[in-house]
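A, B, C and D are the chain letters, set down in written order, and residue numbers restart from 1 in every chain.
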Amino acid sequence: MTKKREMIFSIVRAALAILISLVVAMLLIFISADGSSVGEKFKMTGEALKQLLIGPLFRVNANGVSFEGKRLADILSAMIPTIFTGLSVCVMFSANQFNLGSEGGIMLGAFVSAVVAIYYPMPAGLHAVMAVVIGGAVVALVMLVPAILKVKLDVSEMVCSLMLNYVIMYIIKYLMNNYYADKTKGQIQTYPFLNSSRIASIVNNPVINSAKLTWGFVIALIAVIITGLFMYRSRWGYQIRMIGINKDFSKYSGMKVGFIIVISQVIGGFLAGAGGGIEVLGRYNTFSWSSLPGYGWTGITIAILAGNNPYYVPLAAFFMAYLQKGCDMMATYANVPMQLISIVQAVIFLFFAAEQFLSKYKQSLVVKTAQEEIAAKAALSKEGGAANG
Amino acid sequence: MAEEYVVQMKKIEKVYSNGVAANQGVDFNLKLGEIHALMGENGAGKSTLMKMLFGMEQPTSGEIVINGEPTVLSSPSVAISKGIGMVHQHFMLVPSLSVAENMVLGMAPRKGIFIDKAKAIEITKENAEKYNLHVDPEMRVADIPVGMKQKVEILKALIRGAKILILDEPTAVLTAQETEELFRELTHLKQQGYTIVFISHKLNEIKEITDRITIMRNGRSMGVYETKDVTKEEISRLMVGRDVVLNVQKDEAKPGETILSVRDLEYLNEWNKKMLDKVSFDVRKGEILGIAGVEGNGQKELVDMLFGFARPMAGTATVEGKPIIAKGQQEIRELGVSLIPEDRMLYGIAGNATIEENFISDRCNAKNLNKGPLFDMKAIHNLSEKLVEDYKVLCKSPEQQVGMLSGGNIQKVVVAREFSNNPKLILANQPTRGIDVGATEFIRKKLVELSRSGIAVLLVSADLAEVMELSDSLIVMHNGKIVAYFDDTKKLSDEEMGEYMLGLKEMSPEEIRRVCHD
Amino acid sequence: MANLIANMLTPEFFFSIFRISAPIIYATLGAIVVEKAGFANIGLEGLMMFSALFGSLISYYTQNWFWGFIFALFVGVVMSLVMGFFAFKLKTDIILVGIAINMMGSGGTLFLCKVITGITEGNTLASTTGLVTSKLMIPSINIPIISSIPFIGRVISGHSLLTYLAFIFCYLTYLMLYKTSLGLNIRAVGENPGAASSVGVSVLKIKYIAIAFSGLMSGFGGAFMSMSYAQGWSLDMVAGRGFIALAAQAMGGGECFGGMLSSILFGFAQALGIKFSSIGVDSNLASPIPYAITIISLTIFGIVNKRKAYKK
Amino acid sequence: GGQPAVTDAPADTAEQTQTETAETTEAATDSAEEKAEATGEGKVYNIVYLVNGNLGDKSFFDSAQSGLDQLKAEGRANVTTIEMGGAEEDQPRWASTLDDVSAEGTYDLIICGTYQMPDYLKETAANYPDQKYAIFDDDTYSGQSPNVVNLTYRQNEMGYLIGVFAANMTADTSIDKMNDQSNIGFVGGVDSPVINDFLIGFIEGAQSVNPDVKVDVRYTNDYVDTAIAKEYGLSMINDNNCDIIWGVAGNAGNGAAEAALETGKAWFIGVDSDQELTFSPDLAALTLTSGLKNVGNSLVWLIDEWDAGRTHWGTEVNLGIAEGGVGIVTDKNFDKYANDETKAAVEKAQADILSGAIKVDSAIGDTSGKVDELKKAVQP
């Protein structure tokens, strides 16, 4: 297919996928809307739709529609942890390692960074960097467990990392309860981070500040570029991808397969851990997560939507964050119950990620292009023949 | 006129979802009771055409008429119900299941709600008897030799009542004897009124067994011929579009010092069968040492051993004096060893990666391809463009996915990589298996060229003609042992070789010892 | 410590192992069959949530546990077929489908519960615990003669019907996989779909059957959770058992018997954790025991397998 | 009053204001203009309630909602409730939703709750100084934001009453299921200061009746795994002979009630709302009483006060037994099963707390490790 046709198809497909899922979503909203008359229900559904689609960026009310920088900041800031887990999953899945440890990884990274941020004073700036790096490094080390077990003993990394998530969570809870909790507080939380470790906001406006759009976002984008270069322009990343495609081939080619598999998970762990550190140091004053945060699963979704390509991760993360914000807006302004949102979200990305969706249309485009090519070739050879003769 | 054809495929077009137009207006007919050859270069669209006849792929346009009735073959089960059976180019067997289970898959005999295993075995035995294709019903498919696998495939089709049998390169993996046996059976089937489509790249076979030939090139039919009316040379020209040299010209070898030295290798497989029995030989600079033998006599194990995929129980192997046993592939490659693997899809390529990425897999750490922490993309592009050109890889661009190339072009990618990394020793295991005459010619020429430039080549091939023609000297393996050594292949006859290969004759240890040049 | 051992040598302890294992066994069987068919279903957790909810709701509406139970199975199967539709028909990544179903299984079930009870009860309920009484629970069964054997009787007899069924299903699933033509087809499709389709087996159909089977098993597991283990459905009550099943599947080498043993090992570890808490051990230390044991035993199996392979 | 404050609204009295911490009372003296706007019966308040979790917990989120529902039904307020989810991943949304509704500027009052919210609230409240906020069940930054009122509840006092009650009941072997040992159980959600605040009162109350009482303490580690709570309940009953279990673990706590039902050897005590009313009949039948945390009432009270021209912005209102912020259910099963002695003991405990004769320790802000010591001391 030509590049142009391919692009048109992608756009049409995405638009239709979203349209269908919106219809399904609106149907659900319509059914559950507690208006008394059908007309009222319609109105509420329309309101919900408006909030879902443009609410994430615009304030919609009686006074009309106005752009809200704060909401954009919210969306961008929500992308910070998911870009990191998305990248983490990209690297590991590229090596065909279904390591689900980003979930525990981001929690552990957050915790370790928090401990560094609270107990080890350092000069401002350096402190944040060290906290995040140490957080990432610890998770990288922990990821050695599934990685080495996989390489040496052929233990399923998926199962091992899944179990490891729970072990990490409980150990953190234990440590928090017994050693790190600030007992003067009602919930289990640490003492506040030292100021030197905080990650500053990009925009200095008190309202937008509360969105916590920190320099972490810029770091996340830099991480995208570095990971992209790493995966597509460096020999390590190349080997990771080749191993993911065909392990036997890689071994035969002389790659140190076991080592690279370990490396991929260590890097995945580092990214998740660093993401955790950046998230807590940027967004919170204390560490208070008491269960797995869910960013790991979102990361998997993002990596799959991005086709394991780091460069597409920010796009996928934006899509997820926008969707999330739209759903929040529905909950806030359109009275749509918050739990419906998980259904709406699931439906939307199910369709969005459906590969075969509109396959017939795609095939017809493919055929058309191929036929055009053949015709063009035939014409060319005829011309050539005429010229020769 | 329509009546005399059991199958008519009219103006068949097939565009795959990746945009490859594999068939472009192909017409193909089968007469009742004939053996019909389908020939063409790798990627000409033979398998594609047959897959559509078997309902595995759907034509983009065109019509299929079976026994005079226009038919839509929407799935293999429809094709099976129309009496069509297919033996695929690559095995379609479930390795962990037994022969009998594979045989009855999808139509298992039952006792109550359970499978009647005894009945399945009985059915298998009966049919094996009936068609004279001997298989062991209770063995796991993973454990049986390739020859038997091929028989299982053919029986599978016959058991399902196929009257039209499509055989996609069935002889690619068979020994001469097995091929003979198969041909006898095919002739037998033909006499019983079966119609057979026979795909092969081996011209001798085509001439020997088929009645008519359809030749394909570039997704189009180049016409239908009575086999007896066309010569091998004409067929080749029709397929390739130019004259093909069927015999490789080569100069006298001038062997230099020993590169690979193997001494007393012994190996037991998982089932404690002795696969290598005190194997010793040397390969010298500038010579091609061939290993002949019926497949399954230790050749695969030997190559595995030399490339670090398995460890011997005893014995040594050195390259220029440095041991390679129990070394990793990377270290072995660093010593200057290249391997053309037997199974190109499994080891030779990463199918979803680009051609370019497949070219650099063995040298991704090389200094000249890296600039600091990153690849030197320009150097890589240059390398791959050069290789595509030198090795005549038919592709749109080096950025194309390797997996979408046809078999022959995939093999060229492998060969290009393995030949271009300055090897001292090339292990070539079945380098031309299942690829067309054009590509075969090209690869053989390259191999000779390299050896004459001073590279040691160890050639393993099940194709007797190939080993005899290419090798400067030759050993024969039987039951894991070297049973003969010939320092000159010119005077050899096929019959003599056959006797050694089947273990009917064996040279004395002293005579064999001559292959060790120390 | 003495206390701990005394507490462990009670019939209740062994009884509890079976009870804890039962829902995991069901999910594990589901995981095993889809694995044999060549893919992974990480949505077992969500499927169980749906079955748990509807089992408990329908038993309340019909005032009959049996119909609730049947409906739980039905919902499990229907939801799994929806998963299949996306995964096989629309080719959405199967992992993503699993994640989606888990998302719905969490918030979505709560939404459904609120909407449905809002319609039928007049006020929205966030759990069904207030609706179901013990007579709507799946009954327990006292086995006549065995129950009178001193210690063993109290371990083996008196379990929920579904606990016994869990173990029976281990055997039935094994029979299905290895003795019936359906099982043969499932294994063939999982190992070499090309081979299966080339002999006319519909790969698509077999995959649907496999995922529906996992839905059925999730139905049993979900019904167990809300109609036997707990009295009624509440948010996130499956609490990771669907994931544990994936571990049990791997630990058991993908076979029914091994999966069953792994589930029991997991049940044992959890029961042990509970006993630890009875002598005052911090539950945050006791809770990860089952997960850690899974990793450790996977490691041990890995070493054993390696040894075996090496010997050869 | 001497009677236990049960479900009756927390009082029609102005007494409550006395409980405000002295140093912050000045914050209540707002500008005259604002006061004029704030006062006046008949005003319909625009209220938004942000739930950083899900409704349906049968606990304080629901309790708050019921209070707001009451206001709505009485035509005194328009109420919008937004559920924001309780997972870690939802936390960013808590902050942004809080911001969003504040920016909207159309609400008279924004209500949120729990110890998880103060950080966000502090920041937002500073950004929107004209917006009024109420946060319940949290005292982290009490008095620090002039536009926020903190509503807190002395669950330790409530725990004390439950402890007194349970220790008396378990000693009375004439009651069905009660064994001759004085072992009682506590299933907590997570090992956190708030939950331990219930616990510390519970233990101290029980010890006041019987110094040798044993309290088996377990935590489910989340608020959702009913099955694990049931296993804990079964273990308490079977291993440690507990005959009364207090479930303080949200929905999961019900598992303990089911354990009691299944074994037929123990009773259950509910928490936060009257669980005898929300349980199915068979579970309700073995629920002896419930400890109440009347968040809803406190919100109604807040509006009453506002109507009356008394505002509490910038202060903490701490609601104990005296104010009806917490209490114990004394009708139904309590009345049916408790003997006169027990009833008298509970009543006396209540009176003593009210009079200040008994001072119940708190786990919140306790850094001395008292809770752990106590737990060890009563470990069966």
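Observations on the model:
Just so we're on the same page, contacts are C-beta pairs under 8 Å (C-beta built on N, C-alpha and C of every residue); 3 or more make two chains touch, one makes a residue touch a chain.
Because the structure is predicted, anything quoted here is derived from the model rather than measured.
Taking A-B and C-D together, the chain pair joined by more C-beta contacts is C-D. Separating the centre of chain A from that of chain B, both taken as means of CA atoms, is a distance of 44 Å.
Distance between chain centres (mean CA atoms), chain A to chain D: 38 Å.
The mean-CA centres of chain A and chain C are about 29 angstrom from one another, to the nearest whole unit. Shared interface positions of chain C, defined as residues touching 2 or more other chains, are 107, 110, 114, 282, 284, 287. Each of the following residues of chain D touches two or more other chains: 54, 85, 191, 221-222.
Multi-chain contact residues of chain B (touching two or more other chains): none found. Applying the touch criterion to all chain pairs gives A-B, A-C, A-D, B-C, C-D.
Considering their complex, residues 59, 61, 70-71, 74, 77-78, 107, 170, 173, 177, 183-188, 206-207, 209-212, 283-286, 288-295, 298, 324-325, 328-329, 331-332, 335, 337-339 of chain A touch chain D.
Those residues of chain D that touch chain A in the shared complex are 54, 80, 82-85, 87-89, 91-93, 95-97, 99-101, 103-104, 114-116, 119-120, 123-124, 126-127, 137-140, 190-194, 221-222, 364-367. For chain C in complex with chain B, the touching residues are 175, 179-181, 184-185, 187-188, 191-192, 194-202, 312.
Across the complex, chain B meets chain A through its residues 15-21, 24, 60, 307, 309, 328-330, 332-334, 339, 341, 346-353, 357, 360-362, 364-365, 370, 373-375, 377.
Those residues of chain D that touch chain C in the shared complex are 54-58, 85, 191, 216-222, 224-228, 230-232, 234-236, 238-240, 251-252, 254-255, 258, 261, 278-283, 375-376, 379.
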